[in-house]
Structures are given as structure tokens and as C-alpha cells.
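By written order: A, B, C, D, E and F. Residues from 1 in each chain.
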Amino acid sequence: MTDQGGGGGQNNMQTMTPEQREQAFAMANQEMEYRVDLFNKLVHSCYEKCIDKRFKDGDLNVGETACVDRCSSKYWQSVGIVGQLLGANQQQQQQP
Amino acid sequence: MDPQLLNSLPEEDKTKMVAMIETMQTRDSLRMYNNLVEKCFSECVNSFRRKSLEKDEERCVSKCCEKFLKHSARVSVRFAELNAQTMEQPPPAA
Amino acid sequence: MTDQGGGGGQNNMQTMTPEQREQAFAMANQEMEYRVDLFNKLVHSCYEKCIDKRFKDGDLNVGETACVDRCSSKYWQSVGIVGQLLGANQQQQQQP
Amino acid sequence: MDPQLLNSLPEEDKTKMVAMIETMQTRDSLRMYNNLVEKCFSECVNSFRRKSLEKDEERCVSKCCEKFLKHSARVSVRFAELNAQTMEQPPPAA
Amino acid sequence: MTDQGGGGGQNNMQTMTPEQREQAFAMANQEMEYRVDLFNKLVHSCYEKCIDKRFKDGDLNVGETACVDRCSSKYWQSVGIVGQLLGANQQQQQQP
Amino acid sequence: MDPQLLNSLPEEDKTKMVAMIETMQTRDSLRMYNNLVEKCFSECVNSFRRKSLEKDEERCVSKCCEKFLKHSARVSVRFAELNAQTMEQPPPAA
């Protein structure tokens, strides 16, 4: 589930069959959707944790910006932890 | 989809249907991954004095994740049973 | 809105026109999406109702497992009740 | 989509557009069904001593569902009016 | 981001290339999805603000109907305000 | 998607990929627009004595919107940095 740069297959699109080409596009599409969804949930989560909802003005104060930076970093760490657990869980389920 | 039904399709359609199911499963897995991070982060991480997770926050996220997966697996079994029960009964008049 | 096994048309895919075939795939796709969404909402709802969020450990205790089983059954019943009401509502709206 | 606009399309495109609209409506109906179950279950079912709904829980789910549908129908009428008003006004400078 | 009736291009579908045609359908699809999503969020928001969740009966009372009407109007105004701010924000970001 | 990777694709695939990215961006922008209205309406509008927004409600919605956009822009920068850091490290054994 981690982010990977293109593997060998993605660079050799000229040598793929039409079905493999379709599948490569479908996978790229799914990866992009995953990243967009991840970003949106990160924005939402740190908005809820850090942003003062009284809206006295439209700027983030010093406390909010520090919180947002640290929240983003902690969220990213959480993505890694959950990713590892899901990977281990999948391996467990595939064992005969 | 009912495995009997899937196998009764012509080869070309079966391939297409299997591809459709696999795409849906992959997309659902990726969504579940993102939902799980959001849910466990929300429950477990509430202070932002530092930019790294505290040990107890890491533990909380791990336990939250394990617990959700076990919960989801149990519901999965119940869901299959409830589905099977509904198949046996005549459907309510729609 | 209820779950149906395949009707006669789905078994006779060889005899369909290309447009009918496309439509059959689209309908199968929509039904699958509906079932996946239903399952995910069932998991979420019973997680909220039954699971202790203190995460002292990663297992479900006896109370939680009993709750999850009953919650799943009650949720399924609710799906049936709402389905019947929606079906009746649609018929009402289609009457001249 | 504006009915006048839809009818001005060549036949092939009109068929495709109508199919697109129908697919979207079906998908929206199925999503609304699932959302409604989730919403009414959340409001109405709060104890899990037995695996069947109590009579008052069944009644609550029914009333919740009816109420939501009536609410949605009313908003639908207001939405159409607000849309029509906006069409008549010059759009704000974008 | 505002709702527009068809522009000149949409009426002249006979004169488009196949790629332009595909793009016109994709844009129409996205606009429809936007409007469906807007409507659903409007229904949800005004349900939360106006509807009594005790469900003593299945009808909306006088207070609820007045609230729903005004809520819909206020929500629509908010759509306009946010739309203008997003439009101004985009222009800002595109300035060299 | 990595720009280097995108440019290494044959022209036909590059066009298709760019179209896919643009479609996704447009859809994400439209969803963000709707989410932002829902979020700021929920925070700012709580009385329904009249059918037009009060001056303070209009101001609240504007400020809410501005604040969210600034927040989102900041997260965007942090997200890019975190992504870049992860690329440099060997990925954890999956």
C-alpha cells in the first residue's frame, strides 16, 4: 500500500498488450484516487484538530500553523503504521 | 456475485466481470486504508506539542487498527450469514 | 431495491446486443457498489455502537462480540424496513 | 440538464446523455437508500440485548424514513425554485 | 463554478471531433455529479439544522417546514458566497 | 505522478494520462467546493428566522472559507515535503 515510483513495467508501455495497457492506466488511476483521498482526509483531520472555528478573521495564527505542521507529520506517521499492519494482516490471510 | 452465476457466463464476459470485481476490491481496500487512518488518528492523537507520535499514541493507533480489522472480519461473517438467510426467504413484495 | 440472484436475462448473455450487454455490466457494477457500500456502512455503524474506543488491547471482548452480532442482525432488519418503505414511496410517485 | 438543450442534440448523443443521466439517478437512489438506513439506524437503535428490532425501534426507523423522504421532497421543490431564480439573474463575475 | 446553461459549443455537437465529443460528455457528467452532490449536501445540512429527531410521527410540523424553506435559501446564498471566493482564489493563484 | 515518469511515456499515453489527471483535478475541485459550503454553513448558520443570511453569517462564511483555503494550502506544502522524505527512504517491508 505504500507509494512507489514507477516500476519497470510502467516505463515500457510500448511493449504492453492493449489489455495490459488498460490495466496499467486503471492502476495509475486508482493510485491517484488513493493519494487524493489521503490528502483530503489529512486536510480534514488537521482542520478538526487545529483550527479555531470561531472565524474571527481569515488567517491562521501562530498556534494554528504550528499545530497544522505537527499534525500533518503525525498523520503521515499514522499512515505508515496502519499500512504496515494492513500489509501484515494480508499476509496472514493468504497463508494456507 | 454468485459463483455459480459467474461461471455460467461466456469466457469473454467472465473475464470482464472478474476484472470489474478485482477493480472494485482494490478500490475498496484503498478506501478502507484511508478511512482506518482517519478514524484511528481521530481517536488516538490529540496533542500536537511535537511532530512525532508519542509511544502511547503509536500503541493506540496500532490497537485501534487491530481492533477494527477484527471487528470488520466478524461483521463479514455475520453479513454472509444474513445474506444467505435472505436468499432462502421469498423477497418482500417490492 | 432488494438483492436478487440473476434473472433469466443475465444467463443469456450470448443472445444480447452489444448495448444490452453494456447495460447488463453497468447494472452488475451498480449492484456490487451498492452491496460494498451497504457492508461498509454496516461495519461503521456497529463499530460506533459496540466498540470501546479506549483501545486497551486489540481484541474484542465478550460484550463487544455479542453486541456486534446483534447489531449486524438489527441493521439487516433495518435495511429491509427502509427498502419496503422506499419501494412503496416509488409506487406512490408513479401513480397517475 | 435543461430539457430544451437535451432535445437539441443529435439522436446518438441524446441517447448517450439519457443513459448517463439514468445511470447517475440509479446510483444516487442506491446511495440514498444506504444513507437513509445508516442515518435512521443511528438515531433509532441504541440497545443490543436481542438480535431483533423492538417494536418501538421498528416504528422509529419507519417514521425516520418517512420524515426524511418528506423533507427531501420539500427541499427538492425549493432547490428547483432557487435554480430557476439563479438562471434569470446575470451570474456573478467569476 | 456557477451553474450555466449550455454555451455555444454544447449545441454544435455535430461539428466536434470525437475527442471533443468525449470531453463534452465528460464535462456534462462532472457538472451533473456536482449538482447531485450539492443537492444531497443541502438536504443533509437542512435535515440536521431543522428536523426533530425524536420521530414522534412521520410528518414535518409547521416550524420544521418554515425552517427547511429558509435553510434551503440560506444554503443557496452560501453556495454563491463560497463560489465567488473560490473564483477569486483561483485568479490569485494564476497571476505570474 | 512523477513528472519525469510522465514525460517518458509515448505521446499517446501521455495525452491519456494528462487527461486522466485533469479530470481527477476538476472532480476534486468540485467536491472541495461542495464540502466547503457544507462545512462553513454548518459552523456559521444556526438560526432560521429569515430566508436571507444575516451580515454576521455572511462574514462568518467568508472567513471560514478563507481560513480553510489557507489551511489547505499549508497542508499541501507539508504533504509535498513528507512525500519527498518518504521517497528518499527505503520503503518499509510490505
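What we mean here is this: a residue touches a chain if its C-beta (ideal position, glycine included) is under 8 Å from a C-beta of that chain, and two chains touch if they have at least 3 such contacts.
Since the structure is predicted, the reported quantities are computational estimates derived from the model, not experimental observations.
Student: Just to be sure I understand: going only through chains that touch, what's the smallest number of steps from chain A to chain D?
Tutor: 3
Student: Computing the C-alpha centre of each chain, which chain sits at the greatest distance from chain B?
Tutor: Farthest from chain B by mean C-alpha position: E.
Student: Pick from E-F, B-C or A-F: which pair repeats the contacts of C-D, with over half of them the same residue pairs?
Tutor: Selected from E-F, B-C or A-F as the counterpart of C-D: E-F.
Student: Quick check: how many Å separate the C-alpha centres of chain C and chain F?
Tutor: Those two chain centres are 30 Å apart.
Student: Centre to centre, by mean C-alpha position, how many angstrom separate chain D and chain F?
Tutor: 25
Student: I'd like the Å distance between the centres of chain D and chain E, where a centre is the mean of that chain's Cα atoms.
Tutor: The computed centroid separation for chain D versus chain E comes out at 13 Å.
Student: Where the CA atoms of chain C average out and where those of chain E average out, how many Å apart are those spots?
Tutor: Taking the average C-alpha coordinate of chain C and of chain E, the gap between them is 28 Å.
Student: List, in ascending order, every residue of chain B touching at least 2 other chains.
Tutor: Answer for chain B, listing residues that touch two or more other chains: 44, 62, 65-66.
Student: By residue number and range, which residues of chain E touch two or more other chains?
Tutor: Those would be 1, 33, 50, 69, 73, 83.
Student: Enumerate the ring members one after another: first chain E, then chain F, then the rest in ring order.
Tutor: E, F, A, B, C, D
Student: For a test of understanding, state which residues of chain A touch chain B in their complex under the given definition.
Tutor: Residues 1, 26, 30, 33-34, 37-38, 41, 44-45, 48-50, 66-67, 69-71, 73-75, 77-79, 81-83, 85-86, 89 of chain A touch chain B in their complex.
Student: Applying the document's contact rule, which stretches of chain C touch chain B when the two form their complex?
Tutor: Contacts found on chain C: 1-6, 10-11, 13-14, 21, 25, 28-29, 32-33, 36, 39-40, 42-43, 46-47, 50-51, 53, 55-60, 64-65, 68-69, 72-73, 76, 80, 83-84, 87.
Student: For chain F, which residues count as touching chain E in their complex?
Tutor: Listed in rising order, the residues are 23, 26-27, 29-31, 33-38, 40-42, 44-46, 48-53, 57-58, 61-62, 65-66, 69.
Student: Using the touch definition from the top, list the residues of chain F that touch chain A in their complex.
Tutor: Those in contact with chain A are residues 1-2, 5, 8-10, 13, 16-17, 20-21, 24, 28, 32, 43-44, 60, 62-68, 70-72, 74-76, 78-79, 82-83, 86-87, 91-94.
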